[in-house]
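Have a look at these structures, which come just after this line.
After this come two complexes, each holding chain A, first together with chain B and then together with chain C.
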Partner chain A sequence: MLTLNGRELWIGYALVIGSALAIVAPFLWILMTSFKFPIAISTGALWFSPTGFNYADVLFGARSDFPRNVANSLVVGAVSTILVLVIGTLSAYSLARLRWARWVGRLFLGWTMLFNTVPVLTIVGPWYLFFQQLGLYNTLAGLIVAHIIINLPMTVWLMMTFFRDIPVELEEAARVDGCTPAQAFFKVILPLAVPGLIAAGILAFVFSWNEFAVALNLTSRMTATVPVGIAQFAQQYEIQNGQMAAASIISTIPALLLMFFGQRFVVQGLTMGAVK
Partner chain B sequence: MATVEVQALNKSYGAFHALHDISATINDGEFVVLVGPSGCGKSTLLRCLAGLEEISSGEIRIAGRVVTDLEPRERDIAMVFQSYALYPHMSVRENMAFNLILRKTPKDKIAVVVEEAAAILGIEALLDRKPRELSGGQRQRVAMGRAIVRHPQVFLFDEPLSNLDAKLRVQMRSEIRALHDRLGATSVYVTHDQVEAMTMADRIIVLDLGKIIQMGSPLELYERPVNRFVAEFIGSPSINILSGKIALGGRLVLPGRDGDYEIAAPEGAVPGDVEVGIRPEDFVAVETGGLTGTVRVVEHLGAETYVILDRDGSMIYWRVPGTTRVAVGETLRLTSDPSRLHLFRPSDGARL
Partner chain C sequence: MGVNRQSATPALGQGGNGVRAEAKRKKQSDRLFRYATLMPAVIALVIFTVYPMLNLLQMSVSTITFAHGGAVWQFTPLANLAKLRDDSVFLATLRNTLVFVVVSVAIEMTLGFALAVAVSALGRFKGLIRSVMILPILVPPVAIGSMWKLMYNYNFGIFNQMLAWFGLGPVGWLSDPNLALVSVIIVDIWHWTPFVFLILFAGVEGLPREVIEAARVDGANNWQIVRKIILPLMGPAIAVAFIFRSILAFKVFDQIFLLTSGGPGTATEVVSLLLYRVFFAQNDMGYGALLSLVVIAMIVAFLLGARRMVAGRA
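The block that comes next holds the complex of A and B.
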């Protein structure tokens, strides 16, 4: 461990505080904005008398779509996360354990790489056309499908690293002990992969919750999710800064909660196998 | 319990032929040890018996029933793994009861059986712990417990002691053997440690390069190894191999710089080049004649002493009682009873 003394220590503190501020300051600014009346927002006052008006308007206002946005986001996030976990876990197990020919794994890796290098907006156009033909445009189901597709590669890779870290002997012991292959998976392997499921689930949910570009293109007013809803506060003739800030603050709550409780699983998942 | 019969078993991984025409019968109640160097196929053979590897051809029968194409769970076997493979998310009790739960055994009966097994192994106090809270030796016992609660037809052991320290290994060695006798089980045990094989087995099967080289009781293998490989593999320190010649007239000559060592060749020896195997304990010191060698190292083990002699650049191991005093630098003359010699053909190492 590096030990700092005297001036070095102060420089160290300054750097730490500086970088923390760089991350936290914008967030604090929005937090402040969310408690200001429009007049205080436009003067940029640092001292103001706080008001809950923005929150009340966003959550309970007659013309506010925000509660519906939250409901949509929850449905899309929850359903796509559950489905991506089911599909992703089973495919990851298959790729990690069953004796697939080498090209199968490589093809999958190639596809994942390609998929992650291509900007999402490139695919959104074709999706828009497809989904319109299929009748999935402007439905939550359509957005759920899109989010599953986007989240699947990451989920499969994450779960693969978890499965690879579970010794094969455990599965063999289970099979000798009387398990069918399916029982061995559900009774022995899956319980051990729970931290992985939590990590992958949190990442998938948070992604879906925050995802903007696809949601903007595949939804309209009734099916808009939270990020799309927030963007709607900036209209052509009026920008509702206060309401926008309040909605932004509210939108961070689920992600914050999830990360707070699930952080150790996520860190474990992303660094798994890095150090034996 | 049960017999295990293996007939003409072959196992290939692509072009690699891991097991060649393995045929063996393991009798009811027998403790058979599969032994051989790394990569000889002993673990593969055990995994074939367990059903964890599909075999390429041949037949396996357990208690007379053909199990070749059956799943591991249908073979009525229990296996103890090298890594123990305890289920980390289950308590010791759940680990041991897992098979019985899968078989839908009544709960009260499971409790009785698990307690019984725990008592035999001395792990009653650990039943509610998780595997990660146990020491290596305790995990080993739990793995054994998981196997014995099932009363299987056959026990399979895959190097179960190799993760334990030396002292515990010696202790568990005799415990496993005692347990085998107590349960009257049929056991197949894989190890690369010839001492384990010698001390535990009723019968040893020596494998090399995927083939059975020799089957027999520990003493048979020690006293009549079929080839140089078995002779060198069984016994510690390893057998001394010297090159020699059978001369006309039935004399065995071991040439040396300080004079040849000549003794009567074993009966029926054909003239020609031979390799002569002499066990380290089969040498006797003599005043004249014999093999000459200079003492290089003396290893005192207490009860016995290993003397390592240099004879024209090759090392000879001599095992003597701990009371014998030998000094480094001394020149000794050693001879051996002709009936204790092992002769091997130099070309392929086969016993002559």
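The block that comes next holds the complex of A and C.
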């Protein structure tokens, strides 16, 4: 690699340390805000006596919908992730290995690429009408379906790159030993693709947990998710800054857990498709 | 099903019909598995993406009103086109989106590349930097919006407080029409430079060391190595990061919704926000559908162009 010396070394350090601080600082600011009383927030005091008031109000307040938002987000995230992994992994394997005619793969990937590229709000309009017809509007089931569809392209692409890395010889050996294709897949290939499943599962859950545009428009009070709840704090006539900060901090918990415990899989998932 | 070695060795070929029937059965089960694995995804996509997209066509020539808890469709093919012709907000929106995408992606690419090369060259804090850089990507964009809304606050935000230390300001970061778009772009740069960094860092770390060593032995300085060797070798990774970022920047919604909701006026109105407003604030499903189709057409054109660009590089 490059060897830096003298001035270049200083520039390098300044850039790297400066960027790291710039990324962390806003988190610290909102963390600090979340522990302030409203009066301390509105005076911008840098020194203040910390309080758990905002967290208590968000989590246990009589008027607060936030606990329900968290529960909804967890249900939608968990169920949609499991289902998208099942559907996405099967189709990824099918496309990667089961010798479909070329146009099938191209059409599938081309369509998912297009769908993933257009702003999701182009389809939320038709979904709104369609989900009302189906009785899915304003239900968790409807949001689960929407999140499955949104995460499907990413899951398929990611799992395809994993399946392509597994040597074909393994399947051929399994087939020669008398496995059916299904047995070869479930007993030989799938166990090897577990790291891919974890990476795709983590990303799918995070995207579902974070997703805002669809949840905003297809849910209402009882079915709203965490991001919708946070936005409500910001939308009210008098912005509830403290509550908004506390709810935002709570919403970053999954991301923090993943940063500490699942980083390898996240980096793999985010960069894999890109580097290949 | 039990393991049957005979079926796997038809070349020995003494079984005659039995073996052939077995082979045929096997082929059928192969076929069944092939369809069973792909069909759930295809069916889901057809019902929930192809059908709604086609529905956009019908919606775009209709006026849809809501009565008795149901939607009432009227066929009014020209009404929506007339709205599009007279819609000055749509043009402002396209202009804002274009500025937003071009400026933020250009800065993110430059910063991300510089950072990737710097971290790799320093050879220290790699793990730490990567952990820090993952955070903005995983956090809900809405949380990022509220974070920056607090920092940009006119009365108590950190930026105006810092300006006050120098006797300056206060500045209306989100309320000044000339500044709001810049403020929103700054948030995007903060949010997504880490993503560019992660992709380009993986690329830099994967470069062949011998080539760089050879160049150094031949007397190239660092700047020359970066420009003549690292940059060209990173072409594919850069192209991927660029395309990903352009697409995501074009789709931006959550943070701007939180920060400015498109205001003041139309200063930060971008495509996704306009679609939201037409569909769900004005409840104009028909015109929203027409706008959606226009946006999709522009994206198809972009995708075809991007494919050419990638093909040209490869």
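Following the convention adopted for this analysis, the second predicted complex is superposed on the first by the 261 of 276 C-alpha atoms of A that agree within 3 Å, B and C clash if a C-alpha of one lies under 4 Å from a C-alpha of the other, contacts with A are read in each partner's own complex, and residues count from 1 in each chain.
To be clear about the criterion, a contact is a pair of C-beta atoms (placed from the backbone, for glycine too) under 8 Å apart; a residue touches a chain by one contact, two chains touch by 3 or more.
Computed from a prediction, not measured in an experiment: that's the story for all the values here.
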First (chain B), second (chain C), both or neither touched by A:Leu192 | first
Looking at chain A, does chain C or chain B touch more of its residues?
-> C
Of the two partner chains, chain B (first) and chain C (second), which one does A:Met160 touch, if any: first, second, both, or neither?
-> neither
Return first, second, both or neither, reflecting whether A:Ala231 touches chain B, chain C, both chains, or no partner chain.
-> second
Partner chain in contact with A:Cys179 - chain B first, chain C second, else both or neither = both
Name the contact category of A:Val70: first (chain B only), second (chain C only), both, or neither.
-> neither
Do any residues of chain A touch both chain B and chain C, and if so, which are they?
-> 175-180, 183
Over in the complex, which chain B residues touch chain A? Could you list them?
-> 50-52, 71-73, 77-79, 81-83, 85-89, 98-99, 102-103, 146, 150
Across the complex, what residues on chain A touch chain C?
-> 1-4, 8-9, 11-13, 15-16, 19-20, 22-24, 26-27, 29-30, 33, 41-44, 46, 86-88, 90-91, 93-95, 98-100, 104, 108, 111-130, 132, 145-146, 148-149, 152, 156, 175-183, 185, 206, 209-210, 212-213, 216-217, 226-227, 230-231, 233-234, 241, 244-245, 247-249, 251-252, 254-256, 258-259, 263, 266-267, 270-271, 274-275
Over in the complex, which chain C residues touch chain A? Could you list them?
-> 1, 3-5, 7-8, 26, 29-30, 33-34, 36-38, 40-42, 44-45, 48-53, 55-56, 59, 64, 70-71, 111, 114-115, 117-123, 125, 128-151, 153, 155-158, 161, 190, 193-195, 198-199, 202-203, 206, 209, 212, 216, 222, 225-226, 237, 240-241, 244, 247, 250-251, 253-254, 257-258, 271-272, 275-276, 279-280, 285, 288-289, 292, 295-296, 299-300, 302-303
Using the touch rule from the top, collect the residues of chain A that touch chain B in their complex.
-> 167, 169-170, 172-180, 183, 188, 191-192
